[in-house]
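Structures incoming, each one as structure tokens.
In what comes next, chain A is part of two complexes: it sits with chain B in the first one and with chain C in the second one.
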Partner chain A sequence: MSVRDRARSALERLVAASAAERALISLASLVLAVAIGTIIILVGGRMTTCGEAAFVLTHPRPFGFPQLFRMGFCYDPVLVFDRLFIGALGDPLKRGWGPLSPFTGGAINPFRAGYDPLNAQMANTLKETTILVFTGLSVALAFRAGIFNIGSQGQMIVGGLATAVSVLWASSLVSGLAGTLVLVPFGLLVGALFGGLYGAVPGALKAYADANEVITTIMLNFVATGVVLYLVRDVFKDPDSFANQTVPLPEYALFPALVFPDPSGFSIVALAFAAGCILALYYLLTRTAFGYDIRTSGIQPEAAEFGGVDAKRTIVASMSLSGALAGIGGAVYVLMVLGNYQTGVPAYGFDGITVAILAGNNPLGVGFAAFLFGVLKSGTIVVQFSTDVPPQLVGVLRGLIILFVAMPEFFRLIGRRVLPAEPDRPGGTAVATDGGHDRDGPPPGDGTTTPRDSAAAGGEHR
Partner chain B sequence: MSVRSALPSALDVDAFDIGRRGFLAVVTVGTLLGLGALGVAFPGSIFGTLLEVIFAKGTIGSALRRSTPIVLAAIGGIFAEKSGVINIGLEGLLIISAFTAIYAMDLSNNLWIAFFAAVLASTLLAALFAVVCIEFRADQIIAGLAVWLIALGLAPFASQVVYGAPNTDSVRTPPGMNEVLEGLPVVGGTVSSVGGLVGDGLTFVADLPVIGGLFHASVVVVVGALVEADVGVYLMFLMVAISWYLLYRTRFGRWVRASGENPKALDTAGVSVTRVRYTAVLLSGVFSGMGGAALSLSLGQFTGNGQTMVNGKGFIAIVAYLFGNYNPVGAFFSTLLFGGLDAIQTSLQNVDIGVPSPLVRVIPFVMVIVVLALVGRTRIPSAAGEHYESGEE
Partner chain C sequence: MSTPAVELREITKRFPGVVANDDVDLTVDRGSVHALLGENGAGKTTLMNVLYGLYEPTAGTVVVDGEERSFDSPRDAIDVGVGMIHQHFMLVDPMTVTENITLGNEPRRQSGLARLTGLSVDRGRAREDVVELSERYGFDVDPDARIEDVSVGVQQRVEILKALYRGADVLILDEPTAVLTPQEVGDLFAVFDELTAQGKTIIFITHKLGEAMTAADEITVLRDGKNVGTVDASATTREELAELMVGREVLLDVERPPTDFGEEVLAVDDLVVTDDRNVRAVEDLSLSVREGEIFGVAGVDGNGQSELVEAITGLQTPDSGTITLEGRDLTDRSRRQRIEAGMSYVPEDRQEQGLVMDYDLVENGLLGSQHQAPFARNGRIDWGEARDHAESVIGEYDVRPPDADTEAESLSGGNQQKFVVGREFERDPTLLVAAHPTRGVDVGSIEFIHERLLELRSQGVAILLVSSKLEEVQALSDRLAVIYEGSFVDTVDPDEVTEEELGLLMAGERPESADENGAPEATAVTDDDVTVEAADAEAADPEAADAEAADAESGGDGE
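Up next is the complex of A and B:
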């Protein structure tokens, strides 16, 4: 067996062994983030003022036991998380139904009468999910190559504007159903092209000038925002509008709204395309030579180069592909949600980082993580409508989730404390945060520094 | 084995070495001088406008004010990264301290309380980061990112809770240095009389032809900007000096540098690497806290929309110390370059030079990219980003 084959089989074994652990860590992170979020809501509820307490913390008083402790809060954490998670799906549950209801004589069927899964709120959730899949895949792919692409946001808006402008130009050439069949793929292609080019810039800077990609991509986000604002305001502006936006695209140039109600800005076609991209990227990473090059450069750059991988070319190629995915995200945002380009695109690129980290940079995991964040984003609006809690809370939750996902060691320590009987797996499959793997579970006993496998952080490559 | 001998010998020269950066700095100054010559020669042209903008007292004062939070955060970043912990969450530390400063100022109406509350908040967040990275061996980059995102959500959240909007109410701003001096009993009188005499002298020289123009452009404007600068700017100067001394002239500084270069040697010499790294990361919180306080207090308000008022300053701080080769003085000068560009672009937005303002606003960010591409590889501490495991555990 050649070195390459052996490395490949070892890699596959590691991926299989760690997938369950990864999922468990992500779930635990979510639960912990919600727990801390509860504390933040309660503290916030004490800091603000309100007429009547929305939530009262006290102890049970059996047999006329005197009340010793009673504290009112302006925000109700239960309501907040109920609205955030359940509201985002369009309230599928019966009033008062809980997971324990069937055992306490309640209804077995949890769904309320007349619940339509194709409701507007669900459409909103899936709309967010669709965009997040693309930015999540974008970040995840770069991560697998050992590059930290924080620039998905910039690549997305560059791709989005390019799509809006070029599809507008092309829409005068074709029309009708044929127009849709031609213009939508054309728009996606243009978005991918421009996003890819914008992603190639930090890739080339990293490969050939050793410039740290974390810094360059952040700076390029600012540059993209400024230049795009200038282009939309002064060059491609819709003369009939006061806002900074381009001329609206004709209906036939957009993703068709099927199945779901029309004005939701969601198209099931786009979601299907996103799912296709997930599978395609999974295939690319696990079954092709290029994907193998990407993964080995991410886990062991020196070994990859030794095995004949052109490191510089791989960096530029993976950054271009990563940028292209973000650019497609921008194109979908234009062709499905906006119908033209408007400044002030929400921070999908940054959410993409969260999605990728939560998914352990596994394309299949990105699907689930994107749905979770789709729920969070869509639920934020429901929370805003039905409670007084500031919507920025969701931003805090996002940060907390990343923080916990970043420290798998924390959960391992807790796991060891709770389940002391389980023996330590020597040389086990410790998961690094970026989806790579520590070479050996326990650090070498000679007291040297533990080898840091992931070049993702770019510590050595500044 | 002493810690000193464990350090690569180049490190002792580090304090003064500028090398390729020095060359770049010379090029920059040369470009500025060239621009100046063009501006003097053709006062009506775009160069003339540029010259006027650059040497306006307001521009220099605003460059100093803009540099303050960045320099302070950069100093913090230097300590953390020199010790081996890459702290990319400086942005988050600035955000949290900027908000806390305003909130505490609003509650107490006392500058000192506001200042220390901000430093405390930032240090607490840095402590969380330190525990996560050092105790639980989290990936430093991702944990730093999390610190940023948490602060990015938490500060506007708190502002919304307290003030009902992402922007806080306005509070009193700290006094300028001239007001501070005049407020002191004996010194105040001396300052104003001496200031009057000096002022007369200055006016006399400034009235001379040719020399007067140059004199006005350099001395009067710079001194004037310094005199009117608020106390935050002086805090920055003080901290640059203190941190340089701490890093290059004390035993602790040697430990910090060894912890990032050769932790094993430090361990062998009987110093706890973990403890040094904890201290360094906490110090990064202290310095960033000062930066955040200086930022929001000098404006008297915290604005929490979008990227908040910090708006990338923490990331620019990272670029600044990389460009400044982990030297506080170097970081100061590279920040001044950036702060100057930022101040110039703001002034340029008011003067019509034929370039749309969104593009002018982009200039500093493009400059950072160009600088990074030119300077390229920075020699980062060799153990930075790695977790250190002492053999004794």
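Up next is the complex of A and C:
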């Protein structure tokens, strides 16, 4: 069996994998990533110099058996991964996470002893997850429409600032519980509106001026950062603060902290809202005519136009919706995490791209991908200050895990492209290569093959 | 008796879930033309890909020149003299004929310095080789022309030369006539004769009965991956072949019952369309189709048919002119509004436009009606309804496999086309625009699609039929217009015109010059002055011609 055949049959198995198998494959990839990460940590630890070895590799010495080798490493891989997951999910053996936790008891704990899932580390993970769900959905929706929205970051900060300023203005009108009930939805709405408008700009540019959205959205990110910096520094600045930030919003205008300990900057209400958005988007894409239009123009624009989809309107509409989701992300960041608006928002928008790709642009997958990201984000922070491992190496471990979890799906994607070219389509000249150096598309002759077919066929024989 | 050039013994090729070739034997004599005939998905191309080394057979042996061979790749096949010309050419457009032919096998210069510097391609010798080769086989090919500047027929000859240059003795051609005009097909068959006269062996794949009978010495028919018989081309009939292909008797002639035409449904007036390259593709064209009428448009591909059809269906914006459906001016209406107004469209390119390849048939059945009841209410899609619809199309139009959950991509070309045709026919249209509705479809399905077209006609649907198959438009149309470079050369009565006359019209010969042949009795339907005027204007500067043509224009092919 040649290498090509073996690769092909492996791809076939991967494409045919069931949902449960795919979940197992993902889990196995995670384990493999950890194993390879361990090797990298050991190698890294061997190449560094340190006073005392954090990890020593030797063999058991029963009955005074002489020691044959002993090797010290500066970093302990067990400790690193231990801290990574404990840092993200909380210590399974302790209530709360102890010394590093800002939370020291006092919360409601339904478990008598042992693991407390409502710990501060978990709250931090879920906080990251919540924001990433919105930016991930934003990018995923645009992707489904065939648009690469790199501007989620810009749309998010525009939405965030608009939310902060408008809620600040409106908070003088209502207060108390009624204030929360009115101001939070109001803030989200404003965030969605401004994010959506800011997303509509590159959408309209693409639809009506044929401007590439990758370039316009990247540039609009810079515009957003610059304009927001100017506004926060010179117009909406808190006069009592040295930092570039607005006046703090009143407590009643923010997401209420329920269930989880208070100072974590996480609200389960926001997470529930994010889950609602996931379901709503899933419904939109799979059950509505508008979602059908979006999906069709995303995978085959010509067929969409044939089916009566107005390409320009769909581009603008999906970019607006994508921007609105990023804007909501900004609003949640302000109303849940910050409590005011500060410049220097972390790159949630860009992480959203990875989240969306990891999720295969499926809204339901975005939830899981965002959670994985949340785990890695909050876990690595703990690794950084509880071990000597340098942040760069921690970044490598994080990237490794994401890469490994994403790879099986990536190969499935390749497999689906490559495999259907062969079977049961002899009439369609499925394989249109003489040895596979076909690089130009087929002539618009009789339409029995798509450019993709021949490209895929070419790829498989290369 | 000499050893056969190629012998395939008990070839079986399995793909996951599919047996593409089942125990196929094939013997091809040296110096003969052998046609491989079969419906879409019968396993013709797979069998040839086995012979060409693209696929390894699951079982069976390949014998070339009396010796058993096993090919790992097409290169091995070429080495023993088996060359294949695919349906879609593998040529580099900006490169010259010579460069394309010698690509990968360029003659090398022998001098030391050139070899060291890598500039060792001997262009002079390459050109000489190509000239010598094309003279030997009587090919009329300019070795210095660039591929993008030559016609499809010439490109095909370049492909053949490329195979010959690499030393092919056995030439496999996959559906070689699919992209050619009737004249070019004749030229190709002359090339076949020349090649076999010089000892080459030709195997060509086709699903057209007529071609197999004209060009081949022997015909092997494949059905469902099995060899169902090899017959002598001179001793067989179309009926016999059709029956072998389909497995039952096939009605080859279409019976077009007379009907009364009703009101005018579609009126196109003075339509001008420019294509993506800013060339005028449709020039001041007018036509009208009435209820219960099939209006045929014949012509060689690329004479403005696609642009005409897309302008009518709302996929391209015309520069000027009007499109009226049942008295409503639809010129500025969107594609969706046109669908809702009762316009059905079987597109030319089913894999780009007619189907979303990654969607299953349920989702594909919805394409075009996703905003309409009963499939959508208040923007919400009723997937149950969509599934029922897809299943009824699948059942009624015999789409195989009969499974609504199949992705469009995994259907064979013919079944894809049947599904598209079914979906569009079942829309309950007032106007049906059908562009090449039977392209790439096998005999049995052609018969069925023709029957359904005539059924729609008898229900009073107005039908605009565009096809490059002469016998199809001729048999189905009530009126037949011939399009050449964007305007109608003539509109004829399909029952009176001969295929030769149509061929001349398709090549742009005006009816005036065809006078001696006695053609024009049948041409009274068009206002000839108008089309001639438009064609003259087209020859001049297009910008200036715009106004002139508009002035000169009076009416279309009047009713």
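What we mean here is this: the second predicted complex is superposed on the first by the 296 of 462 C-alpha atoms of A that agree within 3 Å, B and C clash if a C-alpha of one lies under 4 Å from a C-alpha of the other, contacts with A are read in each partner's own complex, and residues count from 1 in each chain.
The rule we apply is simple: contacts are C-beta pairs under 8 Å (C-beta built on N, C-alpha and C of every residue); 3 or more make two chains touch, one makes a residue touch a chain.
Since this is a predicted model, take the numbers as computed values, not measurements.
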Using the superposition on chain A described above, determine whether A:Ile40 touches chain B (first), chain C (second), both, or neither. first
Touch test for A:Pro346: chain B only (first), chain C only (second), both, or neither? neither
Residue contacts on chain A - larger count, chain B or chain C: B
Touching A:Pro185, do we find chain B (first), chain C (second), both, or neither? neither
Which superposed partner A:Leu400 touches (first chain B, second chain C, both, neither): first
Can A:Ile357 be said to touch chain B (first), chain C (second), both, or neither? first
With both complexes superposed on chain A, which partner does A:Gly276 reach: first (chain B), second (chain C), both or neither? neither
Residues on chain A in contact with chain B in one complex and with chain C in the other? 432-434, 443, 445-450, 452, 454
Chain A touches which residues of chain B in the complex? 86, 88, 132, 136-143, 145-154, 156-158, 160-162, 166, 263-264, 267, 304, 312, 315, 318-319, 322, 356, 358-359, 361-362, 365-366, 368-369, 372-374, 376-378, 380, 383-392
What residues of chain A sit close enough to touch chain C in their complex? 2, 12, 287-290, 292-293, 296, 299-300, 302-310, 420, 422-435, 437-438, 440, 442-450, 452, 454, 461
Would you mind writing out the residues of chain C in touch with chain A in their complex? 15-18, 20, 39-47, 49, 52, 54-55, 72-75, 84, 86-93, 104, 152, 174-175, 178-179, 207, 301, 315, 334-336, 338-340, 345, 347-359, 363, 366-368, 370-371, 376, 379-381, 383, 407, 409-414, 439-440
Chain B partner contacts - residues on chain A that touch it in the complex: 40, 44, 47-48, 148, 150, 205, 209-212, 214-216, 218-220, 222-223, 226-227, 229-230, 233-234, 350, 353-354, 357, 390, 392-400, 402-403, 405-407, 409-410, 413, 432-434, 443, 445-452, 454, 456-460, 462
